[in-house]
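Quick notes on the structure that follows.
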Amino acid sequence: MQELIARAKELLADGTVARVIGWKAGDLPYNPEPAYFEKEEDFDDFVYNSFCGANLSKLMIEACKLEGKTLVCLKPCDTYSFNQLLTEHRVDRDKAYIIGVGCKGKLDIERIKKQGIKGIKSIKGAEITDDAETLTIDTLYGEKTCAFKDAMLERCHVCKGKEHKIYDEIIGESKDTKDAERFAEVEKIEAMSPEEKFAFFQKELSKCIRCNACRNACPACSCRKCVFDSTKFDSQQKANVDSFEEKMFHIIRAFHVAGRCTDCGECSRVCPQGIPLHLFNRKFIKDIDELYGEYQAGEEVVERGPLTSYTFEDAEPGIVAERG
Amino acid sequence: MSIEANEEFKPKIVAFCCNWCSYAGADLAGSSRLGYPADVKIIRVPCSCRVNPMFILRAFEKGADGVILCGCHPGDCHYSTGNFYARRRMTMLFSMLDYIGVENGRTRVEWVSAAEGVKFSTTMNEFVEKIHSLGKNVRLGDLRCRN
Amino acid sequence: MQRIGVFVCHCGSNIAATVDVKKVAEWALKEPGVVHAEDYPYMCSEAGQSKIQAAIKEKNLTGVVVCSCSPRMHETTFREAAERAGINPYMVEIANIREHCSWIHKDMEEATKKAVILMRAAVAKVNLNTPLKPGESRVTKRALVIGGGIAGIQTALDIAEAGYKVDIVEKTPSIGGRMSQLDKTFPTLDCSACILTPKMVEVNKHENVNIYTYSEVEKVSGFVGDFTVDIRKKARSVDMDKCTGCGVCQEKCPSKKTPSEFNRALNTRTAIYTPFAQAIPNVPVIDREACIKFKTGKCGICEKVCQAGAIKYDQEDEIITEKYGAIVVATGFDMIKLDNYDEYAYSQSKDVITSLELERIMNAAGPTKGHLERLSDGKAPKEMVFIQCVGSRCSDDRGKSYCSKICCMYTAKHAMLIRDKYPDVNVTVFYIDVRTPGKNFDEFYRRAVEDYGVNYIKGQVGKVIPQPDGKLLVRGVDLIDNKQILKEADMVVLAAAIEPNKDVRKIATMLTASIDTNNFLTEAHAKLRPVESPTAGIFLSGVCQGPKDIPETVSQAGAAAVKAIGLLAKDKLMTNPCTAKPDELMCNGCSQCANVCPYGAISYEVKEINDHGVRETRRVASVNSALCQGCGACTVTCPSGAMDLQGFSNRQILAEVDAICR
Amino acid sequence: MYKIAMDNLSALFQKIAESNELYLPIENCGQVNYGVWSEDADVNIEALKTVKSPKDAFFPQSENLYRCDKEEKKISITPAQLKDQNFVVFGMKACDIQGVEVLDKVFLSDPVDTFYAARREHGTIVALACNEPEETCFCKVFGIDCSDPKADVATWIVDGELCWKALTEKGEALTDAVKDLLTDDSAADAKVEEKKAEIKDIVEKLPYMGLSLEGWGSEVVDEKFDERFNSPVWNDLYKPCLACGTCTFVCPTCQCYDIKDYDTGHGVERYRCWDSCMYSDFTMMAHGNNRNSQMQRFRQRFMHKLVYYPINNDGMYSCVGCGRCVEKCPQSLNIVKVIKAFENQGGEK
């Protein structure tokens, strides 16, 4: 982290960049927030630890409109999002100075709390330099421990790899965290009967409060005005008025990002109701891989995505029924 | 026994037809007097690629029991490539509907050329029959509309 | 709020017999925005249109719904009528209650209910319609004719005569097409070459005509009035300007083993060749696959013997890009492959031939110099059997479902010519039906039977069995006498089905012209617009549209020319106003829409956008409405819905959906 | 004081549900939210914080107001029915109860919101003291005592028993209705007092207890107001905000709503649903938006909770320190960070 701060200060001082987007320490052990750093003294609060899960690439849409270059700290998975934004002309490469930061897996405070750990005073083992396998948590109700792996965000278990896909320089080391199959959960649902599938999603989606956190955090959902905020489709809704609208919103959201979603996992991370929203996007990714050839959005800057291209021999929509 | 239980199920079926092939195919079915159930109502669109998945979901929301999209055969699109995009989009949409547990017979894509009046008619007959076998659409219906 | 008038047509009894039209009009009055509704026996008639116009004026209508036949039939009629009464034509929508309702339903109540719903959907749409104004686009005063057969030649000549420039692109080294391979023509029996060659010369000489032989259309972009076409001029290896057509190179060429395409591979040609003596241009090409110089680097004889110095081994393909206002497709036909008809022993015996091969055999410039003889042993035949409908009118997928139309007549011609020239040859024709609808056609056929003693047997041939002595045993049935027939023949001639040229699908795709399952190009309307493709600016000439004989081809070629001339005569065209339109306030500038646009109509500009006082300079999509054809691919790709299609807007379609589902 | 064994709670719920609709924390797919009790519901009464506040019981996320039906060209209007069934909200925490008071001041003052008033009238609140407050709690900052919640009935969980005390007439009535299941135990009072002390003890140790509201509240008027309103601090604070509505939708006091029409195909259903000041179309009008930047909307949320509302309501803050926004903000922004940010300004420049 010190190396990162030193380098950021240096680039700020020599005028290479006008500002830095990174994370600022929070007021609790686990809630650092994305922040802009413009002066040397701002860096007193700069932090980069295992709770810095937020994907900063989307902040670059606004940052690119500002004077001068912006230094942005991107984790390996965040760089896919940045590439996708570049593909869609939403960010300007020339206005960005990308420091690829190392990643040893990011933590999900919800998962820690799920284990009955509350009244948290401090957490040891979340520093990026630590290689601790266990988190030691001091709480109002005594000291608790939790395995690092058990506290990891879902996305880190199915990590796409620790290679930065776009960067100006890389600072910090990474550690492989993948220990699960990316499509295992999707396959599990696919194997269910229609009734089971319907019950599963009905239950999960009934929690949705239409806060739009998934949409607003999503780097692919970068529309200036979302269809669900506009009158263009008469789809403008602020609340789910019935069970259909929960589904409509999530199906359409997944459809709109199909072929563009990098599977960064922000939607599931930010959902206040813990809905596994990545299951929608990952289903499309799996379908695209299977039907139109392996494709990873954001791997590189490309002109056409899977849904803006075609081949003569593409599968017919009837394949859905045939696959059963 | 309630009266409703005896009432024959009259499905609501929306058919989106591209102007150049399928709508003309439907016209040909008409001029050839090739019948299909009156449950099918056709909406004319310039091309199958004009059909937004939101139109289909909206139809279900408003009480449709089945939605079918007809376009030119792949390679014969009046706009040369429209149906290729429609094909991928609909494959994705149908797959998602299947994934969340909606019976996959409620949606269908069929390529019908302007010369295929017979195909249009048999397709519609088959589709209506399929919807009859699936019954009323409850999984994608809007609760607000039902009351 | 719109003021909508609903007009329900009886279409005589076509609609009124199944749909209670009065009720539809009654229900219409209950719909939001509807201030007027009436029914009338024939809305499309002068009187019907006057009713619409009167109502527009009296009731101050802003929108019109006509419940009638398909919009493909009379949408334009009603839109024009409304326009004459002072409202924008795009404020008119049609509810198709004939093709989609009265004609397919029998129950009056059911059909009426459906008609009401279709009417509602149309009313719901019109409530959201906005006046649209067509744009204008320029017309390039030049036509392209693809194919240099008799159809292409005639079309080009007619267009050229009207004073417009026209280019012919012909794939082979010479114009002339199938007709140049024919010996005589029915029903007059005049010599094909004698009537074709003057046409070829005429078109070649015409100052308005430019011919690209040995060339192919490579790419087409643009739209009616303004097509841009890339033409690949294949390397001829001979300088067109220098070559005098003396023919010495062909005499001296040592590579002589290539089957002659012109003579249907019945004999061979040299590597440097002109397809036939009267070829236009009379400039040979080098077949690089056969040429020794190209294959081994040695030889070069032609270059040595050419006094004009016209041989150019290093010539390369050339791409010519030209703009056209109209394109006529005249790609013609070929005979089907007979692989699926092995029972006729075509591949086993040299003496089983196709009719087109017989044409070459009968032709003085053909492989046998016009002598009728067996290709196996050169002997004169005594018994000849003609088998009709080989691959035509086929009920399974071995052949074609359609009638090839020309075979009955040319077989009568062949039979007659043979009987005339070789009276000792017996001619038997096995047929399913003999079809002779055409001026002097039946008379012609009857002459063959009555005057020339051709033996017509109604029945099919099951098998042709080559015998050890070289004869052919033909096994068939006579359906009239209901008996098996076994006949020994010396030669068997197969009337193979014709099919569109195999390249036509590729061309149709480039032109975005629709094509049917048999690869015939589809006409805009089977009866009323038979020489136009549904794609504006594309016209159809000759067999590419369907089987036809020479006089029909020539008349269709003329008709296509007239349509093309009608287009070229205009200075400007009204463009379809139903084009895509981006909402700049919402556009992300993500480029996804441009990726799916088949016309390259979407570009991007960086400009200042004022969103309710918030100004920002950013990248937004912009649609060239002259290029946009209104397919709507972009509207679905656009995630925010910033891109919408005028005339088929999201809200309009949703309103129709709602109206149908409510 | 009455008591009932925790093991026997389901009988109590069944009893209450006989004559009332019963809302209480139910676990569904790993998350606890208030929901209507049913026999197979997975009740989790001990969960400290539900994801959403119980605000829905009185002010649902979306509710129909009236419907217009069209028959031919006549339009008839039918108002939606007001709540006419008694219901009980069980297990509300002190902060959420204070949240209802915040809503009362908005909806019950003139003009009275009849939909809300009907729900308040028919609703009985059974409060539950917070046994194990968490690091995100800061109710005490707003003068709330989570060990001693004030509602129609107050309850405490002590040693496997739920101690029950009616505080109002409605509370008495509910107590009467379930009396068969309760046992009177005078010794319970002492136990509850002990518990209260224990809870208070923990509360003192919570990290946010020292939070100062200096510089906020009803005194922020005139120059002080301008200074705070125009402070450059807002410009730094809002930047990471995603403009989602999570904070407003989990908040027990946010009361903004939007009114929308829904086309049913046969007419129009007019309904209201929660709005969020975080949304770009918040207070959007025909001419555009008078808060057209996210900074302005972000500022609105906190100025409203900490300044505007207190000014209009005798100093009462419309934040109750429940800490839901602290837990749920995707970017880890929250009201505590806002308060602290101004604190760090050292009493302004």
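Note that the chains are named A, B, C and D in the order they appear, and that numbering of residues resets to 1 at the start of each chain.
Note that a residue touches a chain if its C-beta (ideal position, glycine included) is under 8 Å from a C-beta of that chain, and two chains touch if they have at least 3 such contacts.
Computed from a prediction, not measured in an experiment: that's the story for all the values here.
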*From subunit A, what is the lowest number of touch steps before subunit B is reached?*
1
_Which chain is most central here if centres come from C-alpha coordinates alone?_
B
*Pick out whichever of the two, B-C or A-C, is joined by more C-beta pairs in contact.*
B-C
*Would you kindly tell me how far, in whole Å, the mean C-alpha position of subunit C lies from that of subunit A?*
53
*Averaging only over C-alpha atoms, locate the centres of subunit B and subunit C and give their separation in whole Å.*
30
_Between subunit C and subunit D, centroid-to-centroid distance (C-alpha), Å_ = 71
*Between subunit A and subunit D, centroid-to-centroid distance (C-alpha), Å*: 30
*Of all residues in subunit C, which are in touch with two or more distinct other chains?*
596, 637, 650, 654, 658, 661-662
*At least two other chains touched by the same residue of subunit B: list those residues.*
52-54, 58, 62-63, 75, 81, 85, 89, 144
*asked:* Residues of subunit A that contact two or more other chains, please.
replied: 225, 227, 233-234, 241, 307-308
_Under the stated contact criterion, what part of subunit C meets subunit B in this complex?_
70-73, 96, 98-101, 103-107, 110-111, 113-114, 117-118, 121, 505, 509, 512, 514-517, 522, 534-535, 578, 596, 598, 629-633, 635-637, 645, 648, 650, 653-654, 656-658, 660-662
_Touching residues of subunit A toward subunit C in the complex: what are they?_
65, 88-90, 221-227, 230, 232-234, 256-257, 303-305, 307-309
*Which bits of subunit D are touching subunit A when the two form their complex?*
28-31, 33, 48, 51-52, 61-62, 132-136, 202, 205-208, 236, 239-240, 242-246, 248-250, 258, 260, 262-263, 271, 273-276, 279-281, 326, 328, 330-333, 336-337, 340
*Tell me, which parts of subunit C touch subunit D in their complex?*
30, 32, 611-614, 658-659, 661-662
*Considering the complex alone, what residue numbers of subunit D touch subunit C?*
70, 72-73, 263-266, 287-289, 292-293
